[in-house]
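Notes follow once the structure below has been shown.
A, B, C and D label the chains in the order they appear, each numbered from 1.
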Amino acid sequence: MAEVTVSPEAFLAMGREVLAAQPFSRLIRAELAAFSRGRCELHVPVSESVKQQHGFVHGGVVSYAADNALTYAGGSALGMPVVTAEFKINYLRPAIGDRLIARAEAVHTGKTQSVCRCDVFILKDGEEKLCAVAQGTIAALSPKT
Amino acid sequence: MAEVTVSPEAFLAMGREVLAAQPFSRLIRAELAAFSRGRCELHVPVSESVKQQHGFVHGGVVSYAADNALTYAGGSALGMPVVTAEFKINYLRPAIGDRLIARAEAVHTGKTQSVCRCDVFILKDGEEKLCAVAQGTIAALSPKT
Amino acid sequence: MAEVTVSPEAFLAMGREVLAAQPFSRLIRAELAAFSRGRCELHVPVSESVKQQHGFVHGGVVSYAADNALTYAGGSALGMPVVTAEFKINYLRPAIGDRLIARAEAVHTGKTQSVCRCDVFILKDGEEKLCAVAQGTIAALSPKT
Amino acid sequence: MAEVTVSPEAFLAMGREVLAAQPFSRLIRAELAAFSRGRCELHVPVSESVKQQHGFVHGGVVSYAADNALTYAGGSALGMPVVTAEFKINYLRPAIGDRLIARAEAVHTGKTQSVCRCDVFILKDGEEKLCAVAQGTIAALSPKT
């Protein structure tokens, strides 16, 4: 079977279509900044509505960004519909800034699952600071359901 | 030093005040259903806006619920302002239903941190199904910042 | 197809045979104290050789006990050869005592993997103290290799 | 207060002394191959006694290597006595080979804890293959006990 070559632009456009189909990702205005096989960069612009009581980005939003970036990295590495099977996140510092940037990449990809890592940065005054690191397993959708 | 006795109602009210002060928790309409020292039950009613592209509750919302429930359990066990230092979550089945219910409890509490576990259920047609399990560390705020 | 009924004694004996076939488990003298479908209790008697420099049981031995107990719980729940795909452990207190006791159980079991939890206790002077908690995924062997 | 400069050789020698003081590390013949502030490389030579029933290195030994490497990386980054507070490990492939090599580094270090990552390789016929990835928190000893 011939493998269809997808241009980088088409690949990113495809990823953005999936993100746009997620009501929750629209709700928090997540953006797919970069997307290629086994790699992803996901942004969440910081608005009042994604914060917690101290003015930091809510941990749940940071974990959303990590989770979704891991899924994109693993899903594109596997080349099939996937779900996040599990992940772990360490929060390193309060996320205070203008934009959350999650960069994930597949570390090892088998037939039905991919183990990925993610770094989450907070952009403030043009400077990125690492605010969380995550690691998790992305699994092909079929064996899970 | 005399310890002030807080009524269960006042304790829950206090927890709800904190939740109401989190813009992100308001955005997804999270509710604190129960709250006592070392224990918490947090709900997220399922609306269109918390879903992903297949109609399931978005994993990021499930991890938010686990994260926040862990924080309430650990924070009340420690009795001081806290942050989630880290947690791990395993997704067990797609969250399809009407209401997400996260129940967390402190497993072991030291002077500056508490290790907690959380079960996340999805309520559908009156029946609860376990859809994720989490475990993490809640740390006193001061030594982290 | 008729399901063969295995007596509890035969089940435990089978588990012990597997453990005896693991050179590393023999090296640290691990014992299978209880074993049934989805549940396991694994012991490691505390000798000088499993300690670290402060006289506590080495964290690597505690994580071995958790890992192996998780594998037994998940493997017996799945009913097929398995490997530990991933796990997470929180150490709660130094393991000072006579015997390490890891109790694991399957929390949710699908077709090809089982998510399990484990509590690790240290027995000292007849009293058990929780010293670590773990959570992980046990996967059927075939799809991994 | 003047900071004492320690030569790289003295630093490594110090680390080896600690490892030699761990009976369990001696039992499995672990070696500290490299050690500097926030970084560590730990080896475990593969002998029959560290294997499981299929001839792979036992998962418990892989997790020991990750755990101990994380502790060295975090402890040297913090510059004080530490314990592993928690970690998570994903096993990527069976560890079949001659030598286990765990490389860890501190990702973010605060006042009382350091978050570290570790890659574990298996060396076979002169070639290294990634067989596990880990992430965890190393904590200063005092606040834990």
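Rule of thumb we're sticking to: a residue touches a chain if its C-beta (ideal position, glycine included) is under 8 Å from a C-beta of that chain, and two chains touch if they have at least 3 such contacts.
For clarity, every value in this text was computed on a predicted model and none was experimentally measured.
J.: By the touch rule set out at the top, what is the minimum number of steps from chain A to chain D?
T.: Steps on the shortest route: 1.
J.: If we define chain centres by averaging CA atoms, which chain lands farthest from chain A? Would you check?
T.: Relative to chain A, the chain with the farthest C-alpha centre is C.
J.: Centroid from C-alpha atoms only, then distance chain B to chain C, rounded to Å. What do you get?
T.: Taking the average C-alpha coordinate of chain B and of chain C, the gap between them is 29 Å.
J.: I'd like the Å distance between the centres of chain A and chain B, where a centre is the mean of that chain's Cα atoms.
T.: Measuring from centre to centre gives 22 Å for this pair.
J.: Please tell me the distance, in whole Å, between the geometric centres of chain A and chain C computed from their C-alpha atoms.
T.: 33
J.: Going through chain D residue by residue, note those that touch at least 2 other chains and give them in order.
T.: Within chain D, the residues that touch at least two other chains are 85-86, 88, 90, 93, 115, 137, 144.
J.: Show me the residue ranges of chain B that touch chain C in the complex, using the header's touch definition.
T.: 88, 90, 92-93, 107-108, 115, 117, 130, 133-137
J.: Which chain A residues qualify as touching chain B in the complex?
T.: That would be residues 18, 21-28, 48-53, 58-61, 63-65, 67-68, 71, 83-91, 93-94, 144-145 of chain A.
J.: Considering only the defined contacts, which chain A positions touch chain C in the complex?
T.: Those residues of chain A that touch chain C are 85-86, 88, 110-113, 115, 137, 143-144.
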